[in-house]
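I'd like to ask some things about the structure below.
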């Protein structure tokens, strides 16, 4: 394809992880996971206030029926993934290792929709109506942060939004869920983009896609004109999909430190989120399923599946043909920012973009040696920080020095720790430093 | 295949091998020993050149230095109750030993290597807390320490095997009539030594003043034929610094492997060339041409392998440029007006001391911050 | 020779002149300090642990002299030192009863299952941020010695993956309490013999799955001594404001998991290894 058709945008810094593992699953079309007999829907699935459960054990629910009400403005409702009976409200292992409350629903096998809100014509519907539909459908940022989408679409009136950017970069190695979505269902993504653009009243709508996904770019370009959306090719570089870096690459605007994208006149949404918005508006379907990549060298048949929320990770692994060897690491999300897991009982949530199992030979237990001041972390840092010096300050518990050197601006992308030849656990230091600084700030 | 067989063949993870660690879960394959090994590989051309020109003497010095340095490191770790193998494994002591050897004359006796090794590893590195904490380049600490403590051993230069009588003409100037006739008559010298081109340039004005003979001496060491010999490595000097060609091959390797910042050697050599060039053209008779300065002495070795040492050079690009320019200016000043013929080691050590300051000045502005006004 | 004399004389004169100038300035710009503050500071342990709630010993001394705090507020000083301060200032010693820290967890390596191998920084805060740490219980002691590093008195030892307080060395400054990311360390009266060594709010069966010695909320202890224990959810707590339970009462409670027990007699590491080996 003609590379000159669009500009190839990028940012400063970052790394290029070798062997990005995308070829394991990028060719596998999205399959719909078969109906399970039981789902455990984790209640706190969004950043902000956790939703309040409104069902009781024994109650019969229909697919798409609300099972939890939003717990505040920065919160979204939850919906039943299938029709069946609420078995129990119980604690299940959460993705962060701490038990979280969940609703256990046993499926009746009919998978019958409950009463859905009527489809809307996004071109004529009032923006506020559209926004309300998105809020009622329980849509959150599906790229990882799980921030309620309707809140992002409600900027305060003093912030003028000039750009809506859809994040199709998918810069995380191994993950291909967004890639497959853009390739197989470009119209949903574009319609979602147009809906969000209408809500915000924004004319400049961009979808940023890394240029290693040429087929997805072509699929989007073929339909983009009808929706008034522009496609921007992005250089293959991690963390190209980080919000601030994406905004800079496409608009050359810099989000002020400590600020939000709206401070730079931008709103960023994940392409998966946009597709969910389109489903909610055009078909009235709430967010009860998502595309997740199940991959890694330890998986027998890596691929992409459309899972209902509440499907256990164990089931997902089973669908992917099990494992070829006993995995050395189980990760929710991608390898650069994902979370290592202790068990396979965690269930798929709205922000589970990938399930990654790495074989033991790829999980080297790093023994960190001293910093040799090679300066690679400095050039890799997308936020222009000095990761090595920050980590040294945190190691010696000088948290005020770390704070003065802008530790709180770190986006924990992991580029520095990836590139470090001394294998220092830089990101872990930063997480600790941030936790300590927040603790201190709370005290004062 | 029925569903039953699929189920029975399905291997599910048990989860008892899981490792829990922070993101990122993939890491670069690069490691500290690999970096040290690559730098040593890049030094191979210089080592080969040294052996070609200085013969087995060079091999002897290199082996001594590496063995003594690794030994010194092992001894320190043993005394300090640090893991011996864990420290030696990073190959930094071996690299320091190799660099030290390349910074010595091929004719030095073994005890110079021994003292140098302890100076480098103990005084230059371990007293500060080991690899990564040393403010000064260990090999240069050793070289300068030896230069001050054992000046005679350190400045007795072995002639290269290919050096003929080409240098005899200007050497004549330094002998009295009687001695020269004895030498020409075939008197056996006690040992063969020679002068470095920079040494000749430095001593000439002291002995001869600004006379036509002095100008002849300059011309004798600074002409296209000689410069070509210098570039190949056929000159007196430390065993690793003589061959510009071999060092440049090493530089290309290092830059291709992204182990050094190309700005450092470029700015360093460029500054020396510019500075000496200005002096050469505006103050005639004070110093030879810039190309002479670039090709002689330890400038290329220093600029490519010493000033680029990761531990002791600044971390940012801007800092590296400042550092390299500072090195270049100090080197030129010492060479032209200083008491020593060579100033590369001193300049790099001096700028090493300024690195924390440079790192403070040359910080990058974090993303999303607006430049402060006023 | 004359040169030496001149130089020596010049140096002496310059030195004397400068000395006078310094003396003069010291007189002019003298900072009035309260002699009593220095005296009290000297009598304090000067470990600057912050257990009194002040920034350090000098700061505490100031507050004592100004009457803000009684000398007994220092949790570290011995009774004699406190009464010496009180006598010197002519005030009441005051103060509180002595407290010591106790780590309310039983989960050492023999009791608590470690589910996965941990690879990272040996620090409790760092480890707790990664999937809740390698141990089975998300509320238990991580055993990565953040508290023992924070302790200015060397009173905490990590034994078999569990922090243990040497109550003879502990002065109750509370530094470890602030450090523990799990909030496991509690300050208790020094003379309280029995504690509940569990801090997990999870349900009994869930705790039982990962730990051999959790509080399962069976309420046996509550039945044996109703006013000395409180149970909230699945977690019993000793009511330290009531008189301490007696050995008979503890025996009657018969905690089925051994979670309600006396603090282990803490021995120095050497003795411990002897016990293990012997």
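In this document, chain identifiers A, B and C correspond to the written order of the chains, with residue numbering beginning at 1 in each.
In this text, contacts are C-beta pairs under 8 Å (C-beta built on N, C-alpha and C of every residue); 3 or more make two chains touch, one makes a residue touch a chain.
Please read all numbers here as calculations on a predicted model, not as lab measurements.
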{"item": "Pairwise touch network: line, ring, star, complete, or other", "value": "complete"}
{"item": "Which of B-C and A-B has more C-beta contact pairs", "value": "A-B"}
{"item": "Computed distance of Cα centres, chain C from chain A, in Å", "value": "42"}
{"item": "Euclidean distance of C-alpha centroids - chain A vs chain B, Å", "value": "49"}
{"item": "Gap in Å, rounded to a whole number, between the CA centres of chain C and chain B", "value": "53"}
{"item": "Multi-partner residues of chain B (at least 2 other chains)", "value": "15, 18-22"}
{"item": "Shared-contact residues (touching 2 or more other chains) in chain C", "value": "115-117, 119-120, 126, 129-131, 133-134"}
{"item": "Where chain A touches two or more other chains, by residue", "value": "339-343, 365-366, 425, 428, 431"}
{"item": "Chain C-touching residues of chain A, taken from the complex the two chains share", "value": "91, 95-99, 339-343, 365-366, 425, 428-429, 431-432, 435-436"}
{"item": "Chain A contact footprint on chain C (complex, rising order)", "value": "115-117, 119-121, 123, 125-126, 129-134, 138, 181, 202-203, 206"}
{"item": "Chain B partner contacts - residues on chain A that touch it in the complex", "value": "15, 17-18, 173, 244, 248, 254-259, 298, 300, 314, 317-318, 321-324, 326-331, 335-344, 356-358, 360, 362-366, 369-375, 378-379, 382-386, 388, 406, 409, 412, 414-415, 417-423, 425, 427-428, 431"}
{"item": "Complex contact set, residues of chain B against chain C", "value": "15, 18-22"}
{"item": "Complex interface listing, chain B residues touching chain A", "value": "10-32, 34-35, 90, 130-133, 261, 310-317, 363-370"}
